[in-house]
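Below are structures written as structure tokens.
Each of the next two complexes has chain A plus one other chain: chain B in the first, chain C in the second.
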Partner chain A sequence: MSFSGEQLARYSRHIILKGFGLRGQKRLSRGSVLIVGAGGLGSPAALYLAAAGVGRIGIIDADEVDLSNLQRQIIHGTADLGKPKADSARASMLAVNPEIEVRAIRAFADAGNIMELIRDYDFIIDGTDNFPAKFLINDACVLAGKAFSHAGILRFNGQLLTYVPGEGPCYRCLFKNPPPPEAVPTCRQAGVIGALAGVVGSLQAMEAVKYLAGTGGLLTGRLLTYDALKTSFRGIDLPRRADCPVCGEHPSITAPVDYTPAACDFR
Partner chain B sequence: MPDARMEPFRPDAVTDVTDVLCPLTFVRAVAALDELEEGQILEIRLNDGEAARNVPLSLKDEGHQVLRLTDNGDGTCSLLVRKLEN
Partner chain C sequence: MILIVAGNPKEYPDDLNLTRLIELEKVETPIYVTVALNDSFVESGGFESTALKDGDRVEFLYFMGGGR
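For the complex of A and B:
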């Protein structure tokens, strides 16, 4: 594959970067990423990956843009209120970079469709806001042998972890099961600073870029936590669990499972 | 011992980057080299000044072999580079 003069200009800051270069850019162009959730995390991740020239991006979300989203979900604008988030996100991504392919999927990811959804993508970004979805994405990616970026944000804190098949722990090695619904504050109940979603979602985009380009090290085997109030990042080394029910030696989970999500009081 | 600088290198391809500014000069040179096989020679026509100073150094830094920079006397230079894989 070769780039046009316009593409060379568009991606010049990648191409002149030693250790990335034309080779890295070609890999991005040939690569594909599925972003689950066009919300706080998905917004910056989707925009950066589109701008970076990732050749094919899928973005899945079943919701419509709500006024309370706009404080952090920067891929949507005030003019998008009421529109499906997947469509609004797609339009913003193509406005940044019309040279890529974006598939907008207006659906909820569940046990019935997740394997099919992730099948055609190289890397998955978990930009969801609830535990059942996080376990669903984890299990599906482990079962399908797909690399993915987990992230979660709440109030002033964020965390993320990258899973690559055969390397390090999966999300279920860290947390065996979702917490009971009543123990979980959702984003709607707990609040979150918009820029926190920007920081963590951008880190997820960075993981996807490195994975696709084959550059640098990934956040595998280590949970990164970010405390925005203290402006402090911490990496916690975590081992893979041999008895993990999904990625362990004798897995008991052999197909994706649906858990009941916590009720959203503020809906 | 013949002087290597005087050896008549024959370019396998020619590219002109006089219509762009740095760092696009370098980007276009890299893209043109990418189309060649290892060991082949690219002739790059570039403007005097910043481009003529930066592009040879940047390509050398990428691991390619800079063979010759000739002043064309019309505000442009011709740079000969041999593609090396690294």
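For the complex of A and C:
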């Protein structure tokens, strides 16, 4: 693979970077990422990965752009109100970088389609807003042997964990099962600062870039927590669970599972 | 005794179990919190029977469902 003069200019800040270079850029160009959810986390992740020149990006969301989204979902604009989020996101990504391939998928991930959805991608970004989806993505990635970035945000706090097969715990090692619907607050009920989604979604993009480029260390075996009010980041080292129902020694989950979403998330 | 809770060393009364620490720390939705004690997970049924000792490191992991 060789880059044109325009591409060398577009990616020059990557290419001159020691420890990344032309080799890292080529790996991004050959790489692929699926972003599940074109929302608060998915917006910055999708824009940065498109700008970075990740060769093929899938973005999946079944919703339409709503006025209440625009406070944080920066991939969509006021002119996009009512449009499918996947299409709006694709248009914004191609506006930043028309040289990449973007597939917009107007659907929600479920147990019936998740294995097929993730199959053709190197890395998955969980930018969803509900626990059934987070457990679904975790289980599917563990079963398929795919690396993915988990993230969650609430009020002024965020958390992230990267799963790479064979390295460190999966999301289900940390949390065995989803909480019952409405047992824990969601952003819709409790609120969230837009820039918090920007910080955490950008960290997810960084994890994807490092994974594809093979540069640096990943957030495996360590949950990163961000407290925006204290401007404090903490990494919590965590082990795998030998008895994890999906990544453990004797898994009881051998296919993706659909859980009922919290009523407030079900639209 | 000193416990390191969420990275912060602090003085706590002796004879403390995890259930009592969760109360003292006013942990939100305690039945859905995951507890890591010195780099091992503690099963939620085992909070009452898990006695804490000087120098223990305790982390509370919370569900964060937002993102979209």
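To be clear about the criterion, the second predicted complex is superposed on the first by the 264 of 267 C-alpha atoms of A that agree within 3 Å, B and C clash if a C-alpha of one lies under 4 Å from a C-alpha of the other, contacts with A are read in each partner's own complex, and residues count from 1 in each chain.
In the analysis below, contacts are C-beta pairs under 8 Å (C-beta built on N, C-alpha and C of every residue); 3 or more make two chains touch, one makes a residue touch a chain.
What you are looking at is a predicted structure, and each value in this text was computed from that prediction instead of being measured.
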**Study point:** Which superposed partner A:8 touches (first chain B, second chain C, both, neither)
**Key:** first
Practice item. Determine, under the contact definition given at the top, whether A:257 touches first (chain B), second (chain C), both, or neither. Key: neither
Review point. Taking the superposition as given, does A:16 touch the first partner, chain B, the second, chain C, both, or neither?
Key: first
Practice item. Scan A:183 for contacts with chain B and chain C and give back first, second, both or neither. Key: second
Review point. Counting only touches as set out at the top, which of chain B and chain C does A:91 meet: first, second, both, neither?
Key: neither
Review point. In the superposed arrangement, does A:40 touch chain B (first), chain C (second), both or neither?
Key: second
Check your understanding: Which partner does A:111 reach: the first (chain B), the second (chain C), both, or neither?
Key -> neither
Check your understanding: Which partner, once the models are overlaid, touches more of chain A's residues, chain C or chain B?
Key -> C
**Study point:** Residue numbers on chain A that touch chain C, as the complex places them
**Key:** 37-42, 61, 63, 73, 126-131, 134, 151-154, 157-159, 173-175, 179, 183-184, 186-187, 190, 192, 197, 223, 234, 236-239, 241, 262, 265
Review point. In their shared complex, at which residues does chain B touch chain A?
Key: 20, 23-24, 26-28, 30-31, 34-35, 58, 61-62
**Study point:** Residues of chain C defined as touching chain A within the complex
**Key:** 6-7, 29, 32, 34, 36, 39-41, 59, 61-68
Revision key, fill the gap. Within their complex, chain A touches chain B through residues 2-3, 5, 8-9, 12, 15-16, 18, 21-22
